[in-house]
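These are the structures in question, set out in turn.
In what comes next, chain A is part of two complexes: it sits with chain B in the first one and with chain C in the second one.
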Partner chain A sequence: MSKRIGLAKKEARKGFGISSIYLIYAAIFWGYPFVWLFILLFSKWRFVGSPQFVGFRNITRVLTDPLFWKTVTNVFRFMMYYIPLVLIGALLFAIALNKIKFGKTFVALSFLVANVSSGVAYSIMFSNLFSVNGPVNKALNSLFGITIPWFTSPQWAMFSIALIVIWKFIGYYGLILYAGLTAIPKSLYEAAELDGAGSLTKFFRITLPLLNPSIIMVLVLAITLAFGIFTEPYMITGGGPMRSTLTPMMHMITTAFQRMDPTYAATMAVFVAIISFGMIWVIRKTMEREVDLV
Partner chain B sequence: MTNKKIQSGNVILHIVMFFLSLIWLYPYAWLFLASVKPSAEIYTRFLPTRFTLEHFRFILESAERMNRPFIRAFFISLFVSVTVTVCVIITSAIISFALSKYRFKARDGIFNFIIFQMVFPGFMFTIPLYILMRNMHLLNSLAALIVPFIMSGWGIFMMTQSFRGTPNDYIEAAKMDGASDMFIIFRIMLPLNNSVMAIVGLFTFIGVWDNFMWPLIVIQDYYKMPLSVLLASFNHEYGAYIGPVMAGSVIQTLPMVLIFIIFRKAFLQGISMSLK
Partner chain C sequence: MKKLTVVFIVLLLTVFAFSQTKLVFWTAPNPQQEMFWKEVVAEYETLHPEIDIEWSTIPAAGSSEEAILTAIASGRAPDISTNIFSGFAAQLADIGQLVALNELEGFDELVETRKMGSIIEGWKINGNAYVIPIYSNPVLMWWRDSLLKEAGFDNPPRTYSEIYEFSKNFVVPMERYSIQVIAGRNWWDRWFDFITYYYAGGQGKSYIDTERMKATFNDEVGQEVAQFIKTMFDNQWTAVDLGSDPFYNGAIAGTLMGPWSIAYAENQYPDVIDDIVITSPPVPDNYPSDQPIYTFADAKGLVIFNTTKNLEEAWEFVKWVFSREDFDSKWLEYTKMPPAREDLLTNEIFADFWEANPLAAEYAKYVPYAVPPAPITTTVDVQDIMTVELIEPLMHGTKDVQKALDDAIKAINRILW
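Right after this comes the complex of A and B.
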């Protein structure tokens, strides 16, 4: 009996001992930066000397900085194009994939391979494909007689960036929705058919409601991506033309490492995180439904 | 009659989806062909009139003269990605074993803490982490690309979830035979959970190989840059050399695509697993 208690004690000590490796690691690479984040939030510092406490000055500065809010609006403009298009596209892709019998793997993999493209390389690739006299414009010109200033006009640039991000992520989101689709029991559709439901009714009464968790998941992923977007605008437009594609991440990096103002940059990062949390919270609150699949 | 209608509709759906698949593959095909055709044909023709490796040669040879050591950057990227991936798999396996198979008081607390950590977006920590690297005097060194990432909360989370499903009988039996903990973790638990290992490894490797913002901030020296940053700086200054830029993009893309094709099953599983 006492031997057993001794063993349990030994096991507990060992278990905690091993797990504490992670705790130490987290204390250094997560806890320490977290503390620094708070210091930066309330001080003035330019990488040298010791930070000086300035109270809420950074925060009021962010609130009244038109450039910061411009970058936030840019993210919302990006989401305005990106989220509806990618969500509808991914949904159609998932439904089509569910109906396809031949070459399913080929279709799924061709869409997914876009997702493993390297951020830098695919930005270079698309900036050439969509350049003013690139192949896409050549094709458009010979077919319809038009050329589109994809990345060079302030009206088009953000839309074009949304397009290439859609290219990259439609397969990924589509597969998440597809996994949700295959989990819906066939018997539900059969029962609905017996009751004389058409395909539209089936889609809006069965598919969409039961897909809710997957759709929310895709929305959360898409919002998180939108607020962290950096590589594409950095590589392709550099934030231009007329700052129409300047994102909070680009603004943060230039503020911290070119204007040498890390305290202000860190404050912006916190604001961006809060805004993205807020949006996810609103989405969850308004759209999430409990789904019970038996 | 309706049956026929459904069938013809299905045929059309197949054709449309195959056509769309080709459109989705087109940028890759264009990129690859652009890297092996003469510069004059990059914008004018899809299929090259002759096959050439001059752009790759340019990148490998004269890039050295332009202070852009591509081969070196390729191996730096490979080294960093492999090191981080191996470290993440080893540390995740050991810690997940403790979190799933040992009973101790703080266990659930630690697991919940890991989930709590995953809620915070990485960009919040970019600048404080940079300050930490500076204080540790690791800026402008490969350690700055490796050390902060050798453990992953997400990796531990995934593996713990999977390890919990492995029956304790296997472990008890191995212990009877006098197996050490390390033996149990690496010879029993990991092989039994090889799909989650593949998922954690694959996503970690791709994440590190593709990472751009962090190395851009912490590495200034051309001779220490990973491929993503070096390619970006080459494109920035010598963007007019379209052929070589395309060749560089191919080199940067190829390992990810190859790994994706090899581990496509794990990748598909990973996406459906991330739902849970």
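Right after this comes the complex of A and C.
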């Protein structure tokens, strides 16, 4: 009996020994900043000295700061363009990839190139492409006699940024959906065909419902991405015109390091986290379905 | 015996290592400047073996401000750092991180030796000099000579009306524009458009009265400048999103540039170099032609942090660097950026350089008339408001000149208070 307890203890010690590396890592790089974040949330601190407790002042300041809420609505405007377009695009890409007989890897890789390219580099490329005297506007002008103020109109700028991010992520999300597509058993489609289902019925009754887990995953990824978007607006529009592309991330960075107000920036970060987690929770609650493929 | 020798050597090394005073010194992450500081630091260390200067560039981060603030927060601030602009110095002084250099021994002599008496006045924060200005980059107008001639202009336009005249002859919408009036939409872009024009039109008068902490640019000069920006956009003689390097591609005939662009142009567009004419920024029509034209100075300096344990040694090093003319001459040669001194054109030591670099020489002429940004702690917010309340409404034609100026002033004064 005592031997068995000894063994269990030994096992437990071994277990702790192995997982301790991760636990220590998490404590340093996750736990410590997290605790610090909560201290900052309720204090005033400007990089030197010890934080002064100010109660809920930071929080009420965020709640009444029109600039912060402007950045949050900008994120929602971004998602309004981004999510439907990227989802449809990625789905079409996945379906097309599923139908291709050869050269699959090549096509998939070509789309993934966008995902691994440097944000700064392609931002410069797109700002050249879409500039007032750039090739896109020149082509539009000679074909239809119109030009589009891609980055200079408050109405268009966020849409243009969304287009760039869609270009970047279509291949990545497409591959996730493609993996979901290949997991759907062929027999389901065959059975449906026997019952006389058309291709539309098959898509809406079999493909889409069974893709649910992959679609939810893409949605979650897209939402978290939307709240963290930084490089493209920072490089191309600088948050303008009329602050229409100013994102929370840009606002937080200038607040922390250029306005020298890290406590306020930390408070905004907490708010952004709560809003994005909330959205993800709602999406999962309302749209996620249990899918059994057996 | 062997053991004893080893122990002895180790002991000796430790004693030696501890007897050295260590100074942590950060400089701007820029290859030309690194080359300069590397040589300077090496020379100082050979002259003073008791000092060990731990020199490095400001660690990679989003910006040098970010890196320095994080270092301060974690108690790893350097003893000395370069690459500090006046607004950031004001913020650092505000949280008590900087040494007031004018209280140190030998400051006045140093100012005298380096000939920077009036330059340093523009850097003072609440009457104290916290920064030694290293370089002062006047912002000047570049023109493409061939494009000017094409539109029938032998000399570059000097006033707003002349630019209008030129634009009428030159602009082809979507093809080419006369000048890039607005530099961009980031807060720092205001240095390279509105503030430069305002300094030029108002003989260097500051856009902010730092004594009464009030914005002052809704005066006559401010109206002229705002009207100029509005006119250029209303007539579609200028545009903002012109892609990269519009000046070199011929998409615009003129733009404001700093001297750092000379090296870039030489490397990237050697064919264009001979086509460049450098003039002062444009001024209102009634600006007297016998008066010098002022401009904005993109200037950076050096500070000593309050946290240093070796203030005396740090100050000795700083004094040594800036009392040597040959270092300023070397700096100029390596970086092409004018050192912040008032004798650039009279001092023999720089003469050869100006001879060989006529474009850089144009910049030297304006160093005495180049004014740094207002030393306030709220630079980002002030210039962000300028963008949103003043510049963008003028660009999009949503406000008239007076309303745009008044709105901007009102919002800025609220922050300054």
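Note that in this section the second predicted complex is superposed on the first by the 270 of 294 C-alpha atoms of A that agree within 3 Å, B and C clash if a C-alpha of one lies under 4 Å from a C-alpha of the other, contacts with A are read in each partner's own complex, and residues count from 1 in each chain.
Keep this in mind: contacts are C-beta pairs under 8 Å (C-beta built on N, C-alpha and C of every residue); 3 or more make two chains touch, one makes a residue touch a chain.
All values derive from a computational prediction rather than experimental measurement.
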| item | value |
| --- | --- |
| Fit or clash between chain C and chain B when superposed on chain A | clash |
| First, second, both or neither for A:128, with chain B first and chain C second | both |
| Touched partner set for A:48, first chain B, second chain C, both or neither | second |
| Partner chain in contact with A:144 - chain B first, chain C second, else both or neither | neither |
| Touched partner set for A:260, first chain B, second chain C, both or neither | second |
| First (chain B), second (chain C), both or neither touched by A:34 | first |
| Chain C versus chain B, contacts on chain A by residue | B |
| Listed stretches 80-88, 98-106 or 134-142 of chain B, narrowed to the one that overlaps chain C | 134-142 |
| Intersection of the chain A residues that touch chain B with those that touch chain C | 47, 124, 128, 133-134, 138, 253, 257, 262 |
| Chain A residues touching chain C - in the complex, by the definition given at the top | 46-48, 124, 127-128, 130-134, 137-138, 141, 147, 150-152, 237-243, 253-254, 257-260, 262 |
| Parts of chain C lying in touch with chain A, wherever the complex brings them together | 62-63, 65-66, 69-70, 72-73, 91, 95-97, 174-176, 184-187, 189, 239-244, 246, 251, 377-381, 387-388, 392, 395-396 |
| Interface residues, chain B side, partner chain A - complex | 10, 13-14, 16-18, 20-22, 24-25, 27-28, 30-31, 34, 42-43, 46, 91, 94-95, 97-99, 102-107, 110, 113-114, 117, 120-132, 134, 148, 150-151, 153, 156, 181, 206, 209-210, 212-213, 216-217, 228-229, 231-232, 235, 242, 245-246, 248-250, 252-253, 256-257, 259-261, 264, 267-268, 271-272, 274-275 |
| Of chain A, residues touching chain B in the complex | 8, 11-16, 18-19, 21-23, 25-26, 28-30, 32-34, 36-37, 40, 47, 96-97, 99-103, 106-114, 116-122, 124-126, 128-129, 133-135, 138, 167, 171-172, 175-176, 179-180, 213-214, 217, 224, 227-228, 230-231, 234-235, 249, 252-253, 256-257, 262, 265-266, 269-270, 272-273, 276 |
